[in-house]
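Before any comments, here is the structure.
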Amino acid sequence: MTATGTDRIDWLRTMIEIRLFEDKVQELFMQGRIQGTTHLCQGQEAVCVGAVGALEDRDYLTITYRGHGHALARGMSMEAAFGELMGLTSGCCHGVGGSMHLTDFSRNLIGAFAIIGPSYSVGLGAAISAKLRGTDSVAMAFCGDGATNIGTFHEALNMASVWKAPVVFVIENNLYGEYSPLRETTPLDDLAERAKAHAMPGVVVDGQDVDAVHAAAAAAIARARAGEGPTLLEMKTYRYRGHSRTDPAKYRAEGELERWKQRDPIDLLGAKLAAEGALSAEEQRRLRGRIQAEVDAAAERAAAAPVLTLEETKAYVYAP
Amino acid sequence: MSTHLEAERPEAAAVVTELTYREAIRAALEHELEEDPAVLLMGEDVATAGGVFKTNEGLPEKFGRERIRNTPICENGFIGVALGMAVTGLRPVVEIMFSDFLPTAADAIVNELPKFRFMSGGQCVVPVTVRSIGGATGRFGTQHSATGESWYIGLPGLKVATAGTPASAYGVLRAAIRDDDPVLFYEHKGLYGRKGPVQLGHDGILPVGRAGILRPGSDVTVLATLLMADRAVSAAEALAEDGISAEVVELRWLRPLDYDTVTESVARTGRLLVVEEQVHAGGWGATVISELSMRGVPMERPSALSMPDDLLVSYSPALEDAILPGVDDIAARIRSLVEA
Amino acid sequence: MSTHLEAERPEAAAVVTELTYREAIRAALEHELEEDPAVLLMGEDVATAGGVFKTNEGLPEKFGRERIRNTPICENGFIGVALGMAVTGLRPVVEIMFSDFLPTAADAIVNELPKFRFMSGGQCVVPVTVRSIGGATGRFGTQHSATGESWYIGLPGLKVATAGTPASAYGVLRAAIRDDDPVLFYEHKGLYGRKGPVQLGHDGILPVGRAGILRPGSDVTVLATLLMADRAVSAAEALAEDGISAEVVELRWLRPLDYDTVTESVARTGRLLVVEEQVHAGGWGATVISELSMRGVPMERPSALSMPDDLLVSYSPALEDAILPGVDDIAARIRSLVEA
Amino acid sequence: MTATGTDRIDWLRTMIEIRLFEDKVQELFMQGRIQGTTHLCQGQEAVCVGAVGALEDRDYLTITYRGHGHALARGMSMEAAFGELMGLTSGCCHGVGGSMHLTDFSRNLIGAFAIIGPSYSVGLGAAISAKLRGTDSVAMAFCGDGATNIGTFHEALNMASVWKAPVVFVIENNLYGEYSPLRETTPLDDLAERAKAHAMPGVVVDGQDVDAVHAAAAAAIARARAGEGPTLLEMKTYRYRGHSRTDPAKYRAEGELERWKQRDPIDLLGAKLAAEGALSAEEQRRLRGRIQAEVDAAAERAAAAPVLTLEETKAYVYAP
């Protein structure tokens, strides 16, 4: 399906929501209202919104610990996301999972993985399952650039290709794995090349341009749904923050962050919409203000919920 | 959310037949595949030539290559695939050719299968059964002879089962596949040719988490699994002639572990011997002895016949035979406990 | 065939200093890297920003990026690389960022490291040290909070060590790196900021396979590792005021396990409590209680304070705190044992 | 180094030795003098001899459970190999390892792997070690076609490439995993393509032509020794026997085996040497007779040795 004007305004809305949601997360951390660690996707919003937005409700989705944006793009309420980061019953997993495990089976968001590898194999399993059960659902699985060096990444691509599975694999290449720049751990720049080892089409996509991301994802999804097999999409993007909360990201080259910010995904789409007269700069400012109010309200609503007792969590260990 | 269909297709009246352990495994697979269209079997070469241990003869012909699926060599990857299938409505049975290869998939086994439901806050169930074939006696050498039965007993969220007789092979495997939690099910390659009575049909399905008394006795409780359960029965039979009455309990489920049956038996006999095809450290044997000691179950000093803590299995046939607890070793140990 | 060079470069006279656990780890690494050119450190981001837990500050600057080597994300692959290095003359130290990732490399840990020398008929030694950082208290959630300390204690050929104090961090890690066998060395992320006296230099190297008495006592023996050893000491201190004398033994080595020290202590106190940041099933605690029961060491009914067998660690801070044995829980259990 | 005439006669000799050695192994199995399992490499002799023959003594070698040919090509005595298969002290590992673990550190044959994956990562480790220790040794690591589907294969290629390690990776593509034909588990025919995922040169080689195998291996070794990095060599070959002793290989297509036998590696080289007048058919017959006598004698010598006691094997568990 091709994007309409209203779709694109909605993308802008969602990208801003993700950006402001994560600003709030950072703030809540500083206040000690969220503990532990978190992995922000600021700068990568176009990937979450463009790719996830191309899925149908009946499709499956697996993401990673850097998954706030994907979960929100999939329609999870900010309250459910905030609640999970706060460890409260208002969370999508009732506070048991935390920031790295935003999961919502009601939206076919079947897993968020804190350990690298299985996001691809489990997503593939859902795709094969959909096919065996006679549905036309497809699955989309996410991982990062560094994750393409672990064996399971290749194991999943190989199985998907040999079984012609209805799955779309997305690599979010933000140029770093924790503190290591891509080329210190990986011998090539275009990770889409890795599809060649598995006779699978690989596509390099401008991850800052939500239109490009959505178009590439839609094409891969259509291919999967048509039974033509899997596709590997490499999204060229960049994370503005450090790897996790405790990382000041001092290891980055002078000016690199600033260069990337000139192609900020929200600014890029905002400028287009303004130029096309679809949404003026003024309207965008107002939109941002409304979203900020929603973010603040959602955080407060989430914070009002209680914490589970250990006893209550026992029900989650084994099936009823 | 089990998707079984007993209601619609009632099974033929239960019958007891003499089957080999291999035939019992095959029957369990066939009956679950028949009853529930959500069940499927996947693994390396499971659909070719009956599978490496010939447990799957005829299944691909009967259920098709989609449900009996050969996988590439990538254990961690295809257990991940099974997980994705399980949380979206299927009930995959995964065959790991040798239990020694379970560590190849340990990330999926330790970090995903047991924790997936929990981390989601109970949003899903994970009905994955992982069959693996372990144990020595095959002259397969150091990397193909582990039972591995205790490697994953300390993981809440997972269930761990074993089969030491044809009846257990059928009844425990069916129970494992029907269970909505992830289950590791261990078979022993030294038992496939062993014959025994098997109750086919639903009446032959054995309860999850329950041990079984293979041979009642009054002087000592011998706790064992897999090949050691088989050897313990032979030892007990031999000792019966000398008037020594050993009760052989097959543990079957290592998680959950049936302390009721074990405690009742030990309280009755006053003596406990665990026989293990593994070292004692970190195993179910140490776990049981520790629990009973902490609970103060009245018994003589407990005993374990296990594999040496400072040795590994060799290829050399003579060495492989020497390192395993044999029927005579078990009998001798029982005798020394009873006559002490 | 250790390639150490004490002879040629004697160390500065031993000194005792107050160090954090983190500083002690760093000092152990630095001193071994200095003493033996065959030693190197590899792992994910070990050479950047001091490593994820800041234990490697300054090491790349001092020893270069070849000896302090960032690896791609592929635990099973780079432990295999370390094995290949070790059997050809190097002494690699591998950092596995979280102990939860050890299963990702379990094939190398279970099937290769412990068995490699054996299968070759003793043709080589395998001096690989695998450091991993485990344990809860970080609010890292279900997949980043395991100690994993007992996952690999049942593997002859492997050695397993832990550190619960800065002195152990320094002394046990150095001993592990100098040992010619593969050693899994566990650190606890909740202890990095803990301060304590450390004897630097060769005199601070602690013997392989030996436990340590952190606090002598006469009423009960409290056996613990890692964070639980630290908490056990706090509990013992609190109880001292009420005239209860608890001896805290830090096990340190889980394979080989120091039964001499444990047995001597328990025989003296007549009581045993194991405190574990893990479930009891399949752990070192069950192993020790079982062994002592089988040996008939005279003691009251033994006790274990472990993590619940039917629960997992949650992200939620309140739930994470609640599931761990705390200082008060330990003190209360000791009191109930002594006053029973 | 390029092959001389005497080299090639020696290759023929070694290929015949491997062929007859394994015929004898089969015979000893039937007699119950060897137990358990074994994986014969008959049909693949040119790969063992051509590739291993291109290494220098100071180079390292890792092989697999299908390693009789490689061990003999590396210079292991038939007596040490037979002894190992018989589980006797005359074996290279004193009978502890068995058929799947023919290891000989005195020849830098540092490992034979019964579990798939580590033959590449461990071989890579030896290569990096050689470089770090300032030697110019290289390493050669073997695996099969099916093994290219396990993650560790890719993990090793990635590390080797990013670290420019002096290693040569050899895939013995004999068209089958255990019972599964390549294309049932793998989406491409030329496994050398998999090098592209790791920015590494990949070369397809006729594995039945020992001259071609040796030339390709020598070039890759020279490249590694020159510090130019790793190479992936795919040897197209075929195993005449089933996967292991118990496998009658009924799953193979009608006539496939016969087709491959027309390009038998021993016959191919033998015909060349006869045509070139280097070694006549008659001389080759006599050579084969002499080797058969050596094989039979080696088996008898090996069989005369005792078995270790359990007590004696304790010394192999932990370092002295």
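Letters A, B, C and D name the chains as they come in the text, with residue numbers starting at 1 for each one.
Quick note on the criterion: a contact is a pair of C-beta atoms (placed from the backbone, for glycine too) under 8 Å apart; a residue touches a chain by one contact, two chains touch by 3 or more.
Because the structure is predicted, anything quoted here is derived from the model rather than measured.
Trainee: Which chains are in contact with both chain C and chain D?
Mentor: A, B
Trainee: Between chain B and chain C, what is the separation of their C-alpha centroids in Å?
Mentor: Using C-alpha averages as centres, the distance is 32 Å.
Trainee: Quick one: report the Å distance separating chain A from chain C, using the average Cα coordinate of each chain.
Mentor: 37
Trainee: How many angstrom lie between the centres of chain A and chain D, each centre taken as the mean Cα position?
Mentor: Taking the mean C-alpha position of each chain, the two centres sit 46 Å apart.
Trainee: Can you work out the whole-Å distance between the CA centroids of chain A and chain B?
Mentor: Going by mean C-alpha positions, chain A sits 40 Å from chain B.
Trainee: Where does chain B touch two or more other chains at once, residue-wise?
Mentor: 71-72, 74, 76-77, 100-101, 104, 107, 111, 118-119, 141-143, 156-157, 308, 310-312
Trainee: Mind pulling the residue numbers of chain A that touch at least two other chains?
Mentor: In chain A, residues 95-97, 101, 115, 117, 149-152, 155, 158, 162, 184-186, 313, 316-318 touch at least two other chains, as defined above.
Trainee: Among line, ring, star, complete and other, which best matches the way these chains touch?
Mentor: Graph shape here is complete: every pair of chains touches.
Trainee: Over in the complex, which chain A residues touch chain B? Could you list them?
Mentor: It comes out as residues 60, 62, 91-97, 101, 103-105, 110-111, 115, 117-118, 120-130, 132-133, 139, 151-152, 155-156, 158-159, 162, 313, 315-320.
Trainee: Along chain D, where are the residues that touch chain B in the complex?
Mentor: Against chain B, chain D makes touches at 35-37, 84, 87-88, 95-101, 114-117, 146-147, 149-151, 177-180, 184-186, 247, 250-251, 307-308, 310, 313-314, 316-318.
Trainee: Write out the stretch or stretches of chain C touching chain B in their complex.
Mentor: Against chain B, the touching part of chain C is residues 76, 100-101, 103-104, 106-107, 109-111, 114-115, 118-119, 141-143, 150-151, 153-154, 156-157, 255, 257, 278-287, 289-291, 293-294, 296, 301-304, 308-312.
Trainee: Note which residues of chain B are touching chain D in the complex, please.
Mentor: Answer in residue numbers: 44-45, 48-49, 52, 70-77, 100-101, 104, 138-144, 308, 310-312, 314-319, 322-323.
Trainee: Within their complex, state which residues of chain D touch chain A.
Mentor: Where chain D meets chain A, its residues are 149-155, 158, 161-162, 183-188, 193-194, 196-200.
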